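Chains here go by letter, A, B, C and D, matching the order in which they are written, and residues are numbered from 1 within each.
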Amino acid sequence: MFGLPLLSLIIFLPVLGILILFFIPKAQTSTIRGVSVATTLVTFLLSLLILAHFNTAQPGFQLEEKLSWIPQVNINYHVGVDGLSYSMIFLTALLCFLACFASFSIKDRIKEYFIFYLMLEVGMIGTFLALDLFLFYVFWEITLVPMYFLIGIWGGSRKEYAAIKFFLYTLAGSVFMLLGILALYFNSAPHTFSIVELIAQNSLFPRLFQNIIFAALFFGFAIKVPVFPFHTWLPDAHVEAPTPASVLLAGVLLKMGGYGFFRISYPILPEAAKFFAPAIALLALIGIVYGAFVAMAQTDFKKMVAYSSVSHMGFVMLGLASLNPIGFSGAYLQMFNHGIITGAMFLLVGVLYDRAHTRDLNAFGGLREVVPVFSGMLIFFSLASLGLPGLSGFVSEFLSLLGGFKAFRLFTIISVTGIIVTAGYILFMIQRILLGPLNPKWKSLAEINTREILTLVPLLILTLALGVYPKLILDILNPGLNLILKAIGVAN
Amino acid sequence: MNVAPFIADIKYILPEIILTIAALVILIFSVLIKNKRALAYFSLASLGITLLYVSKTPVITTSLFSGMLVNDSFAAFFKIISIIIALAVILISLEYKEISPNYRGEFYCFILLATTAIMFMGAASNLLMIYLGVEFLSLISYIIAAYWRGNVKSSESGLKYFLIGTACSITMLYGISLLYGLTGSLDLEQINAILYGNTSQPAAISIIILTILIGLGFKIAMVPVHFWCPDVYEGAPTPVTAFFSVGPKIAGFAVLLRFLLTGSIFFYEHWAHLLGILAIITMVVGNLTALSQTNIKRLLAYSSIAHAGYALIGLVIGTHIGQVSLFVYLLTYTVMNLGAFAVVIAVSNKIKSDEIKDYAGLSLHSPYLAAALAVFLLSLAGIPPLAGFIGKFYIFSAAIEEGFITLAIAAVINSVIAAYYYFIVIKTMYLEKPQAKIEIKPAPSLNFALIIALILTLAIGIYPQPILDFVIHTSSIFIP
Amino acid sequence: MIPLHHYLILSALLFCIGLYGVFTRRSAIGILLSLEIMLNAANINFVAFSKFVTPDNPIGQIFVIFTIGVSAAAAVVGLAIIVAIYRNYKTIFVDEINIMKW
Amino acid sequence: MVNAAYSLALLPVVGFIVNIFFGSKLKLKGALFSIACIAGSFLCACLLLRHVIAGNSIEQSATWFTCGKYSFSAGLVIDQLTAIMLIVVTLVSLLVQIYSIGYLHGEKNSTRFFAFISLFTFSMLGLVLADNLILVYVFWELVGLCSYLLISYWYNKPSAALAGKKAFITNRIGDAGFFLGIATLFYYLGTANFREIAEKLHHGGFDPHIITIAGILLFCGAIGKSAQFPLHVWLPDAMEGPTPASALIHAATMVAAGVYLTVRSYSVFSAGNFSLQFVSYIGIITSLLAASIALVQNDIKKILAYSTISQLGLMMVALGVGGYTAGVFHLMTHAFFKALLFLCAGAVIHNTGVQDIRQMGGLFGKMKITASTCFIACLAIAGVPPFSGFWSKDEILLAAFNHNKVLYGLSSLVAFMTAFYMFRLYILTFTGKPRDPHLHPHESPKVMTWPLIILASLSAVSGLIGSPLTNHWFSHFIYFHPEHHIEVNYLVMYSSIAVGLLGIAMAWLFYKACPNIPKALAENYKPIYNLLLNKYYIDEIYDTVIVRPFLALTRFSFSFDSKIIDGSVNGTATVTIWISTIKAWIDKYIVDGLVNLTASMVGAIGIVLRRLQSGFIQNYILLIFTSVIIIVLLKLI
């Protein structure tokens, strides 16, 4: 469209929003909200515009922009989009736009809230579009500080603890990732940070070197995904974060880890990917089953959804470790679907929390009578998250398991029990909240209002559409995934 | 001994001369006229002129005064930095209430003299000149450390700084005398030539050089000689602490660099491994003790020790890439630290306390100051799009390129630990409820310095290109 | 002609005496004095080396003159600070001056 | 003709959408609308049947999605088997919906019920039409969802919510096995399409061992869905749902899905060497177990539930012994008379408000139509000629007889027990004097009785299409590969009639002639009686062996997560005695701020280092020189 650098536009549009917000006095809350909703809306429209320009069939990166940034060290501002990154920025733009509506329930320090909110969006979109490892790392770290403040200032009771825990976990991981990136830079033929060139010369790296670098990068990405032993920050961060922040945290931030594996670790270090595949599959298996088990024992609604994210992201790692086209499509699709479904679940938790001011599952009961529309929505998204066929959750879990079955038969058989336990704890949750006799305390609970319904309807449509006809998104993802598989040298 | 060549060399040290004359003029006028602000503006003007002069004159590498000083891009780099530091310090101390008005005059004079001392240290290439430069700077530092007359802490910090400082410099002197005895010359190049050939007993020579290192290490607060740092930083008036955390530290690195890389190459191969360990210990000590600090000046003191540790890595690497990363790190460190201290001064001017818990809820009432401090602290922690990250990035890449993996990993872990205590301050400012309603309006001059520091931190972070060209050009003089 | 190593031993001894003085004296002035002793030890070294190692080049002795000048300046500054300390603490015993710690 | 198939499937969806979104406003009109939709589908089903009888079948598929070189297609296939199933599903669903207008008359917003029923019908039709295993799996779980929604229809009843959850989870366990079966077949044979699987297996050259495993795994899905032995516990609890729903789902259609799956992928079972025996063993165990429990149950719906389980067991036995046609035939006839029985039970409960048959009695007088239709159904299920039950059961027994005598014996024992408990139920509810005075039953309205009459006539007549009168038209219509003609074995036919009549006589003797015999029997065989009454304590066993330890494990893993993993990472666990000496101080300064164990260790070292900073000048100088000396010593050694 008349030669506009679309990708840089979508990355830095929220920065424009922040600048505008600076000049609005703190008192005019409605204008602040208006500006931020407008910014996120325009960003979302931009992502649709990019889709218009994006030719799904052609593999490789499109709409590339390259400017030299630090010539001495051959670092350049290099952004590009392909099927994989496009689906992620679409998800980010959509969730940011919807969560912006949910942010209207924030009452104090609204101006600072939206400044951090937009800063977060810049970091997220930037991470998915960066094709230069240095740029990727910078955007990766940019998301840390705003999320720290979002959890820290507007969070729940133990917000400081959760905020600093989130920050230090991710920082520790990303710092080792930096070492890995630097080592890659110094061992590439003409020292380069560009992902495309590194992939091109991925056969040059010796095997031992690949394993070390893979371990360093793994440490950074695994904390974000989160993979089993590094997941303890997630429940705290989710429980204490305000609703819109936890929507973005679960919807997008977790995907940056997975995206890192797909975009950087696997194509650049194929031998190490094959070498570590069984270990990652085992961690995935533990993640799925263990996450589901712990979710079963929760009494806090948000903590349960947090642990369910650990379990769902376990499928992503299983699909990733399977190293075959079905597993890869399943894993990536699971990241996208999990973003939408868990985003919606957190919005619903927010709706309930704004009215009932408690998240204790046992405090509810029989709400179906009082709030039928809310319970309809909750049932729909809970079924999506337990992988009911006809909804998007099923397709990706099915493909990940199918892919996993081919590569690691025993691990997949055990992780299939995971979906049974998932059904268990989700139905147990529905039973405690919606079914059974009405808890008299909630007799006067207010029904979900139109604003909240509007935030959920797009997610509902997407979940249904992708469940019934997944070709829509798989055609976008397939060229990118096939390229990565070719880079790894797996027979497509 | 004809004097002619020396007169020719005078024009090379013109900046130092201008500043000394300006200092003397200020000293005289401080007695005569009442309006101390005029003196401040005069000193700023003189610094401005010297800065213009230095940046304009093309650098011709010659040795001056028969080897005492050397005029090269390395020295020019330190001239420029020291003048910038002096400008910043004077700007942020204009409204500083603790220094009583009638002593302001001498204060500016001392700052100018200290700048000349740093310039000399930057250019010294002879052990005598190094000793004189170090002593000159130390004396001025002892005075301005104890400058807050009535305050108990300030005089205690002055005493501590004096006693420990003199002890260390005397050890250095003793070491110089032994080295002189061994090589028969005081000129760094000659010493290096003599020692490089016949290292008969490397151990004995290394001990001598170690004693010299103690003297130099004292200035940059390296591990064994860092004990004075927290007490002096806490006691001295805050603008002085700001100066200490940046001025003498950079001068110390300048001398260390010149001494190690031209004076004793052989020493370097022999003892780089030791310096590496000292660097790691410095980082660890700096970061760990900072975790449980409650006074922000002490916290920034330990943080400056830790940053000295990171910079030491650049020194330990020693190759060209190592020096570039050292210079970049020092530059970014100067900007961030001065910015942070500017905010601390503004806050302590209003609420008269440096305890971290008094910073509670600062973001609610003076959001601009809190945001500025947060940016500086984040930059100190090395979070990207800020200058600190560029500094750390260079140090890590240099370490990895030259294969110092253990150093890199130690630095990386330390930066995570460091992030924690920087976040203690940010947490108190943003996440806690304020007791009193403190509305702080920084003085215009301090505000000006603050804005420049903020812009520089963001600019270096986002587009570090110009700074790198400047640094790489200056540090190209060393051979290895 | 007293050989070189005698001088070196003398200066080393002096250095250690000065160091001992710094550790043990309670009063700040006592410490100042012992520092001066240590300084003179270094001076002896310089003069000795200048005589024996580089007889033709008097740089060592020039160095001594400088150090004497510097030590004088240092003493002045030191005493000024000690006076300030006395005014505030009413004592110059070093072990009582430690308001600022950990 | 193909768009008839599409409209057949999509009409119920329209019914669902209309009811779910506009239900509250439409009230009765919504119900009528969904009935119209189902009626439309039933017509299409008849059209398709006529089309299939005319000899041609329809098959269409389109690519659903592709990833890499694997492409997953979704399509529909209509052959003889599908046609029969379509008729059964749409007909029973239509009748049940008509019936439930009367049944749910009192309910506040009953349109939600009709919405779920039409959603269920859509997913059941989808399941039957699907041409590959993956699509069957999709509708398989959708059907499970509808049964969950319908069981917990009365959501404010906690027992209903529990039963719904139990049903869904037990089905999910079966589905897990089903998925693994699909995965093995998908990778081993490279396709999931039924026709291609059949062709590939027909050519042979596949290791029977793997095919057996795949078969058994597929059968796990059937066990879960058709409530076979290990996973049958959910069906009796599913009676919490409204009776018409149970009639449609837990009698006629959904539970038959398991049988349909086994029939549809019969080639996999027959190719495996042990899978068919496995099917028949599970079948016979289930039917014996369920029939014996049904003997002593007192809740009318529980009896029918166990009877369904045992009849399904019989169908599995038929399939296991190679009686492909017999299984399908019994499935069809069973659908009609079991739906009828449930609807009669529904009518009885609706009018008397009580479910325990011991409180009922003498209802024949008041509810003539219900009683008579129920009598026809009992005759059919007992296997009395000329009713449908006789022909289909006879073919099963015949197939069992030809294959393996022991199975034949046990099946006829099951037939005997079925006849006995059905007539026990009939006699206790309808004949004799009313035992509970304040029950005042009355005949249910027209809208409920007409479906009963239709179903009664169907269960009477539907057997004939497989009987010799129409020279076994049904077995020519549905057969597996070699269409072998089964010769009528009169011995088996007469023995099955004898067994049926004996069962009826026994029931008449026990409960009509001298009612004290059952009490006497119950007394002196106390342990056996209690064992049967409490359903062999299977539920309790499952609870103690599986459910309770599972919940304990979840609690343990949560505490493990927050104590050990989080603890080892964030320092809440006490680390070493060395730390504890300054622990109190650390707690004060460190723990509230610090994040993890490593952090608290780091903090502790920080504390120690901080102590070094003692503030004494001489200490500092001392430390400097000692450290210098240490360095020198280190260097020298």
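Heads up, the rule we're going with is that contacts are C-beta pairs under 8 Å (C-beta built on N, C-alpha and C of every residue); 3 or more make two chains touch, one makes a residue touch a chain.
Remember, predicted model here, so these are calculated numbers, not experimental data.
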| item | value |
| --- | --- |
| Core chain by centroid distance, with centroids computed from Cα atoms only | A |
| Pair with more cross-chain C-beta pairs in contact, given C-D and B-C | B-C |
| Chain C-chain D separation of Cα centroids, rounded to whole Å | 96 |
| Distance from chain C to chain B - Cα centre to Cα centre, in angstrom | 26 |
| Between chain A and chain C, centroid-to-centroid distance (C-alpha), Å | 66 |
| Whole-Å gap separating chain A and chain D, where each centre is the average of the chain's CA atoms | 36 |
| Residues within chain A bordering two or more other chains | 164, 168 |
| Where chain B touches two or more other chains at once, by residue number | 159-160, 163, 167, 230-231, 289, 420 |
| Where chain C touches two or more other chains, by residue | 22, 31, 94, 97-102 |
| Inter-chain touch pairs (all) | A-B, A-D, B-C, B-D, C-D |
| Residue numbers on chain D that touch chain B, as the complex places them | 589-590, 593-595, 599, 602-603, 605-607, 609-610, 612-613, 615, 617, 619-621, 623-624, 627-628, 631-632, 635-636 |
| Sites on chain A touched by chain B in the complex | 69-73, 109, 112, 134, 137-138, 141-142, 144-145, 148-149, 152-153, 159-160, 163-164, 167-168, 171-172, 175-176, 178-179, 182-183, 185-186 |
| Touch list for chain C against partner chain B, complex | 8, 11, 15, 18, 22, 28, 31-32, 35, 38-39, 41-43, 45-46, 48-49, 53-54, 57, 59-60, 62-63, 66-67, 70, 73-74, 77-78, 80-82, 84-85, 87-89, 94, 97-102 |
| Chain C residues touching chain D - in the complex, by the definition given at the top | 19, 22-23, 31, 94-95, 97-102 |
| Residues of chain A defined as touching chain D within the complex | 161, 164-165, 168-169, 229, 232, 290, 293-294, 296-298, 324-326, 328-330, 366, 368-369, 383, 388-390, 394-395, 398-399, 401-402, 405-406, 412-413, 416-417, 419-420, 423-424, 427-428, 431, 434-438, 469-471, 474-475, 478, 481-482, 485, 492 |
